[in-house]
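Please find the structures below.
Two complexes are shown next, each including subunit A; its partner changes from subunit B in the first to subunit C in the second.
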Partner chain A sequence: MMISSCRRAVQHLAFILFTYGGRFGLHFGNALPCFSCPYVTGCGGHCYLMALQSNWWGLQMPLATMMSGLGLQALLLFALFALLVALLGKSWCGWLCPFGLLQDWLTMLRQRLGVPEAQISQAMRDRLRSIKYLLLVYMLALPPLIASAGLHSDFSLPFCQICPAKPLMPLFTFETAHLAINSANAITQTFSILSVAIAALMLVGMFFKERFFCLFCPMLAIIHIFQKIIPLRLKKNPALCLACGNCARACPMTIRRVHEDRADVQDEDCLLCLNCLESCPSDTTLRLDLFGKTLVSSKRRRLIVLWQKTRSARP
Partner chain B sequence: MPEKYPWPSKNRLVRPAWVVAVALLLAATNAWSFEESLVIHAGNHATLSDGALAARYHLTFHGENPARACRDIAFFWRPGSIFKPGAAWFALPGHCDAKNCGVDIRIGGIVFFSLLAQAQCGGVQYQAQTIDNLHARNVGPLADATAANQKPAAIRAALELVPAMEHYYPQTGMTFLFHYQNKNENPAAGQVEISSDDQPTALSALDEHGDFRSFRFTPSHDQALNRQGSEATAERVVQVREGANGPVSTFTLNVHRSRRAFFHRQGGMALFAGLAALGAALVVYYKKQTWRR
Partner chain C sequence: MNSSATERTATPPPDRKQRLRAKITRETAAEYAEAARSLRAHPDYNAVWDNFLAIIEQPQSARQIERRTARPVVEHLCNQAPLEIAHALGLQPLRLASGCCAASRLADASLPALMCPLMRSTLGMRALLAADDESNAAATLRIIPTTCDWTVKFPELAGESDKTRAHFLELPHLRHSERGQARFQEELFILIEELEKTAARRLTRAALRASIDLYRQAWAVFAEFIALRRDGRLAAVWFMVVCAAFMADTVEHWLAAAAPILAHLQKESRRVVGNAVFVFLSGSPLLFPNLKILRLIEEAGLYVLADDLCASERLWPGGLTISDPSFSGLIRALAGRYHRACQCPTFADNQRRFNTIRASGLRPRGIIHHVLKGCHPFDIESLTMEREAAKAGIPFIRIETEYSPEDARTLLTRLEAFAHIDQGAMK
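== the complex of A and B ==
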């Protein structure tokens, strides 16, 4: 089975489990390192970003509560999140994230329609890269201000309020309430207009550019912080590289680093989708290692099969 | 020659005039007659170091400490969960002194409960009730240790809120159905006066057979509450008085602002569709020349 087919199967299974799991009595907790949106009724687990911002498990907890034994609960949840990240690393983004699959569906739709992909220059990519860190700071800074500095509580869950997954993911359960403008007060109105606007623009971006939202995703930034301790790593043997550039072209995030002459090719935006590994024509040049042991590596034979399959699928 | 639009006859005007007069009278009566009697007010909540939650509830009589005007003050609670409301009342040790009167509840886990206070004030039997949904940070024990092992108390609440799943988060605009039954018999509709500090139109009695059994209460939306956060609550008190000197029951609802009453879906969807179309048009316009093959 090809890596891409295997990934698609895992992505769809994860989408069903995370989006509808609650309807079958499944719940994978509040520490998931992917966009399993808590606003989806009957979802099977919650994105950790919500817990991180909340007053129950995260940074909106009053300082006195955090300093008491109860702060330990929040730390334990963070430890569980860190463990999940350490186990699977960036595969959460490339293989398990339901919002990632939504983006892949849009890409498939664009390809079916024959619309070419919009290019983003490397300079622009570098500029956009900082946005996810700004979002991370915004997400981490506001909850303590609500808890301790008297900021209005309608600012709570600041990232969820503008996250495009909030209005878009509930559509898979025919829930349109999060596309509404909430006129309860000026803050809710502003946030809901922002949320709808960001969701609309992201939807367009995700259609024209593969994995467009992942360029701004703060979860990717958090997972990257753990990169040094994650045992699952993408490696390259530069001595065997044919410098064909297939890897960079196949990358949904258009990462150039994988094409460079270095052993550690895992970029901060890498989703570990393994498209690069699958498209590499040189045996064992690119490999996925777990604790230094190779799980899967690039094979010329695999690329030939993939090429034949693609060719036969063409009209 | 007959008029094209004849003025209605005197008889045809009498009935609407009566209806308007009665409605105005009722509205005026409701506007000035409501004076809350024995009422439970929610106080502060505090998370203890072991994760349990301590919640305080105050009791007032005409806004003052009931210890001066009332006797036989007793507190009861009915713990349960939102899926299975409690069936029996248990006595709770309250504290009434010269300063204040109230009860402290300490819970673990998640408890949905009703709280009842009763007292004799000036020869009239008063009952006050409220509901609350408390979430402690620890996992148990489910019910308050001081009450869980006691025998159920032989009391009955005259005013009962018909349980519904939505009550875990009471909101303005939500309709609450109450049943009233005192001393195992239904009073005649005319003997009962329902009043509230909310809009008079929010109350409506369902006296289908001439007997007074139940009524609905819909707390109206409140701009001041809307301006506060979603965790803020406003107190709404419903009072049922049976006859001039009959028993009086109150029910306190601590309502949040409505979650969805202020949602404008069509506006949001129009904005979404408009921006998506505009965004797509802009991408097509600017990127047409640089498509990646």
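== the complex of A and C ==
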């Protein structure tokens, strides 16, 4: 089975489990390193970003509570999140994230319609990538201010309030409530307008640019912080690289680093989707290592078989 | 007065010119016939090879190819013009490159003495075939990627009698820069306009995608030939036949002709090389019917395991990976593949070229770097190749030659000595 087909199958299975799992009694906890949105009724697990911002497991907890058993519980949840990140690294983004699959569906639709993908220059990408760190700072800074500096509690869960997954993912369970404007006060009204506007903007962006939201995703930034301790890594033998550029072209994030003459090619935006590895025509140039042991590597033969299969593919 | 000046001024009178043309026509035919005869006498010959030999055993003008393929011919020099685009427009791309020694003599009188033999022969062959065709404009369009000086000056060297319209495909010489790639994409859009005028039709996404898929298929088959070669089951002369047939025929016909040959070779379990020393061949292109170097390599007890010649394994850059199947996405992918993936020595950032040797599957026991006299880019790159070979501990030999068979004995002696040094080094 080709890597891309395998990934698609895993993505769809993960989508079903994370979006509908709760309806079948499945719950994978509140520390998931992917956008399994808690606003989806009957979801099979919660994105850790919500827990991180919350007042019961995260940074909105008052200092006194943090020192109690609840603080330890929050720490344990963080440890569980770190363990999940360490186990699978960026493959949470490329293989398991339900919101990632939604983006891939939009890409497939665009491809089906023959609409050209929007091009973002490398310089622009470099500028955009800092946004996810700004979002991370925003997400981490506001909850302690609510807990200890008297910031209004309607500012709680600041990232979830503007996350495009919040209005979009519940649509898969036919819930449209999060598309409504909450006019309770100026804060909720602003947040709900922002939420819908960002979701609309992202929908357009995700249609025209593959994995557009991932450029701004703070989860990707957090996982990248753990990168040094993640044993699952994309590696390259630069001595075997033919410099054909297939890898950079196949990359949904258009990462150029994978094409460069270096061994450490895992960029901070890498989703570990392995499209680069699958499209590399040089044996063992790109490989996925776990604790230094190669799990899968690029193969010329595999690529040829892939091309033979796509003979009848329609444009 | 030096010899080149003598050659340039000594233009033969008309009757002598006709006699010379007739003589060269006979010699050219004889050279092709001899190459085909020697291949049929090769120990690995099988009747299935006639599928390809029938296509290449005679020189063919663009007009003849046009009649045979029922597609208007578009000539191109080098291999940076995407074949898929011409094919999708119903045109037949024809690589303008000749390996014929006799034909080069027809161009001698008007060309610089120290000229690239490939270009000299190509010009001679063009003049010879155009005259036979009673038309000097068999192909209406010629695409000229701006690679080396000889290529860029081709229309000027061809002279005023050459009526084929030239389109320069400007090649940014930095292939890994974002700017260079963007410029080449623009060049492809301009090329498409030119080809659309020639074909008198618009290029559609569906047609381009179909062509891309077809060339992917062809590349998969081509890769099978490469694999057989890596496995020691396909001699270099036969690999040249595979490539020459690809250059002279439609991809559809090439695929049909290749199938029985491939089936025969895959059934044949015998390794054709015996105890030969496996070498990697790099440098200037080798073209049919010039079998000189390949025969000498074989005679010296060496076996070409892989190469990076632009008329051989680098004949076209391979199948295409597409991430965006829209029209502009397809063009972007083609631009990336034909520009960024090209290892022509005229590029400034060609440092990763040696990786082809490392990535060729088997570790070669030696490197033969072939330089055609007057081919400066490959001459310059031989220094880098030699340095990289020394670093990798692989014996290296540089052979400089031209199309004439006069230096064959000297080259054979050098290659035999190389084979012995090489065997010694590896033992």
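FYI, the second predicted complex is superposed on the first by the 312 of 315 C-alpha atoms of A that agree within 3 Å, B and C clash if a C-alpha of one lies under 4 Å from a C-alpha of the other, contacts with A are read in each partner's own complex, and residues count from 1 in each chain.
Note that a contact is a pair of C-beta atoms (placed from the backbone, for glycine too) under 8 Å apart; a residue touches a chain by one contact, two chains touch by 3 or more.
In this text, all values refer to a predicted model and were calculated from it rather than measured experimentally.
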Query: Now for A:153: first (subunit B), second (subunit C), both, or neither, which partner does it touch?
result: first
Query: Counting only touches as set out at the top, which of subunit B and subunit C does A:282 meet: first, second, both, neither?
result: second
Task: Report for A:117: first if it touches subunit B alone, second if subunit C alone, otherwise both or neither.
output: both
Task: Applying the touch criterion given at the start, work out whether A:176 contacts subunit B, subunit C, both or neither, answering first, second, both or neither.
output: first
Task: Using the superposition on chain A described above, determine whether A:241 touches subunit B (first), subunit C (second), both, or neither.
output: second
Message: Touch test for A:261: subunit B only (first), subunit C only (second), both, or neither?
response: second
Task: Check the residue A:303 against both partner chains and state whether it touches subunit B (first), subunit C (second), both, or neither.
output: second
- request: Answer with first, second, both or neither: which of subunit B and subunit C does A:252 touch in the superposed model?
  value: second
Task: Show which residues of subunit A both subunit B and subunit C reach, each in its own complex.
output: 116-117
Statement: Contacts from subunit A onto subunit C in the complex sit at residues 110-111, 114-117, 121-122, 210, 238-246, 249-252, 256, 259, 261, 275, 279, 281-283, 285, 300, 303-304, 307-308, 310-315
- request: Would you mind writing out the residues of subunit A in touch with subunit B in their complex?
  value: 56, 65, 68-70, 73, 116-119, 152-154, 156, 167, 176-177, 179-185, 188, 192-193, 196-197, 199-201, 203-205, 207-208
Message: Please output the residues of subunit B touching subunit A within their complex, sorted ascending.
response: 47, 49-51, 137, 226-232, 257-258, 260, 262-265, 267-269, 271-276, 279-280, 283, 287, 290-293
Residues on subunit C engaged by subunit A in the complex (per definition of touch): 175-176, 178, 205-206, 208-210, 213, 216-217, 219-220, 223, 317-319, 321-330, 332-333, 336-337, 340-341, 343, 351-352, 355-356, 358-359, 361
